[in-house]
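The following pair of complexes shares a single chain, subunit A, combined with subunit B in the former and subunit C in the latter.
Presenting the complex of A and B:
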């Protein structure tokens, strides 16, 4: 049986970094709507989606990276906790990715004129998410705990590499509508002025921490469930 | 000559289009009504967060019920270790 419960310092009954998450997201929601943004054709005010749509993807990728690290820890130590953290991290990352896809489709409809195009980045991310969906299917198909932990950790390493190739490498090698891909300049190139960075960077940290909070809650629920199971077996 | 004029007009086109102001939600900002939307966003987010906090606290309560030793008012592993020792001593005194 492993340790359950919160380990970080608490302020008013809530871990300190959760307050930071709330403050930063609240800042991105208010300052992101009010502060001035560059005046660009086609985009107009939708440039503000940078604070909300793009940050979902950043948060997803950061959590997937953390999940990869925990999978490697699980392979070297064989402990249950890092296995749980790795798998719940992928669950939350898929949730954030779904939000990213839906918000991206809405944004695309109003700027590119269509919900979905054959864009390399779009198809790449769709494939990447299927790769991670396969992770959850693979994991759900095994009952034996040790084996499930090891096989899913190894698969996670491959899935991470494939995901990064699909969304970071391939779109840069062909044409893409996304800024920073296929010969297009990145957002930083022409319109990410200091005013926008002021909101964008805190927004990335804030939304990522919100995702980490969801992972935290899911891991704790899973730990309680598993402890209950192991007690009922005794 | 006419061709040259056409070419000049064609070359100048980008300048004209850039000179046009890009449409932004200026009226909303001038009326101050964007703040209404910001307020709605803030209320929804705060509502979600309050809900998440109650779930988090309920979870902490269940965790403490399952494992009373690990009540976490301690700030680091070291302090929690000390607290555990205290609990152990108390139990032995009771016996």
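Presenting the complex of A and C:
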């Protein structure tokens, strides 16, 4: 059976990129709290949440995109591996999305004064979570492997496109409280002094790698389960 | 290809016409839903409420009308279609037929809504466009969702779970556009919204055309 981590160089029993993931996330956690940040009205110190909320969301989007790619591969090749990677990618993305949602809600409470508002991007997240939860229900409702793989890949592709329309196009047409929408200046416009960039970009890479690691572990668990299942059937 | 689409489309139409209970059922569904809303609300004077309620009724009606398009097909009959036509022709015919049905339902729904709850629409031309685009979009999105849901065991409840969130981007844009029409705003305000609606419809068409062949084989 395939094992993604096994072929790459290992350091102290862990693949090199896992060490990078650990280092970058630890770096963003500590440096994000220690380094100096610009003092902006309303935001004040909560701007540090940029390192966690935004980066977790970036990681989630990257993993969702990877899952889309694997769904396309699955449709063209029909192999089991890409199907498992696509579905586990969505599980992990749901987990990271929940993290991003919780940190975002905390941030909203401290800047906008409420945990939830009717903001276009918040509705987009809610819709995305519903779509991908529906994906897990859809997978659960089919037993036959080949059919499950194909049908859920089709739904994944369709859902991804609709999700993108919702969070990329619609917020630009209405007012949003988020930076960069509805007349609010984007973050790039005023802050991102070099200190912040120094933490922000590594944090994105760190969280994405963490997500990849999670997917990796879950795919391996799935493979072991399936091997056991096929052995017990013999 | 076009010939196949045409034949399959006519076949859907003939089948529907032979036992009209499904179409009558839809009509009754819309009437009773509107009547329930009428008894609950009595009178609606607020434009946002009028508008939102209308499209929610349309949403549920469309899921009931289009949802059965694949779910009612029997396995043996699908196998027969499989042997005589291409999957693209099959899905295009289904979409064309569902779109036609949705146009009828949208018109019916508007007339009944108008009779019971009243008409607040100021720009009827633009509202007509909203009806046209809305019912087309609902029909196209739900056709693919119905094809997906029909592959599972408990398909009718899954149909709702799968299609509500996927329909949201289209529905939100539609409600905004239709509200502008009801308020009688100048059409130029809504050009962006119309473009987004048409864009979503084109995307859904293209995706269904590409993806349906993978759902087709069992």
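One rule holds for everything that comes next: the second predicted complex is superposed on the first by the 227 of 234 C-alpha atoms of A that agree within 3 Å, B and C clash if a C-alpha of one lies under 4 Å from a C-alpha of the other, contacts with A are read in each partner's own complex, and residues count from 1 in each chain.
Basically, a contact is a pair of C-beta atoms (placed from the backbone, for glycine too) under 8 Å apart; a residue touches a chain by one contact, two chains touch by 3 or more.
Computed from a prediction, not measured in an experiment: that's the story for all the values here.
Visitor: On subunit A, do subunit B and subunit C fit together or clash when superposed?
Guide: fit
Visitor: For A:103, decide between first (touching subunit B), second (touching subunit C), both and neither.
Guide: A:103: touches no partner chain.
Visitor: Between subunit B and subunit C, what opening angle does the Cα centre of subunit A see in the overlaid model, nearest 10 degrees?
Guide: Computed angle, apex subunit A: 170 degrees.
Visitor: Just subunit B (first), just subunit C (second), both, or neither: which does A:221 touch?
Guide: So A:221 only meets subunit B here.
Visitor: Once the shared chain is lined up, is A:153 touching subunit B (first), subunit C (second), both, or neither of them?
Guide: The second partner, subunit C, only.
Visitor: Look at A:170 in the shared chain and tell me whether it touches subunit B only, subunit C only, both, or neither; answer first, second, both or neither.
Guide: second
Visitor: Going by the contact rule set out at the top, does A:65 touch subunit B (first), subunit C (second), both, or neither?
Guide: In the superposition, A:65 contacts neither subunit B nor subunit C.
Visitor: After the superposition on A, what does A:45 contact: first (subunit B), second (subunit C), both or neither?
Guide: A:45: touches subunit B, not subunit C.
Visitor: Is A:117 touching anything from subunit B or subunit C once the two structures are fitted on A? First, second, both or neither.
Guide: neither
Visitor: Where does A:75 make contact in the superposed view: on subunit B (first), on subunit C (second), on both, or on neither?
Guide: A:75: touches subunit C, not subunit B.
Visitor: Considering the aligned complexes, could you tell me the closest Cα pair distance between subunit B and subunit C in angstrom?
Guide: Here the least C-alpha separation of subunit B and subunit C stands at 32 Å.
Visitor: Based on the A-chain superposition described above, do subunit B and subunit C contact any of the same residues on subunit A, and if so which?
Guide: Common interface on subunit A, subunit B vs subunit C: nothing in common.
Visitor: List the residues on subunit C that touch subunit A in their complex, please.
Guide: My answer: residues 144, 148, 151-154, 158, 161-162, 164-166, 168-169, 172-173, 176, 192-193, 196, 199-200, 203, 207, 211, 214-215, 218.
Visitor: Would you pull the subunit A residues touching subunit B in the complex into a rising list?
Guide: 3-7, 9-10, 13-14, 18, 22, 25-26, 29-30, 33-34, 39-41, 44-45, 213, 217, 220-221, 224, 227
Visitor: Please name which positions on subunit A make contact with subunit C in the complex.
Guide: Against subunit C, the touching part of subunit A is residues 75, 123, 127, 130-131, 134, 137-138, 141-142, 147, 150-151, 153-155, 157-159, 161-162, 165-166, 169-170, 173-174.
Visitor: Can you name the residues of subunit B that touch subunit A in the complex?
Guide: 21-25, 34-35, 37-38, 41-42, 45-46, 49, 52-53, 55-57, 59-60, 62-64, 66-67, 70, 72-73, 75-77
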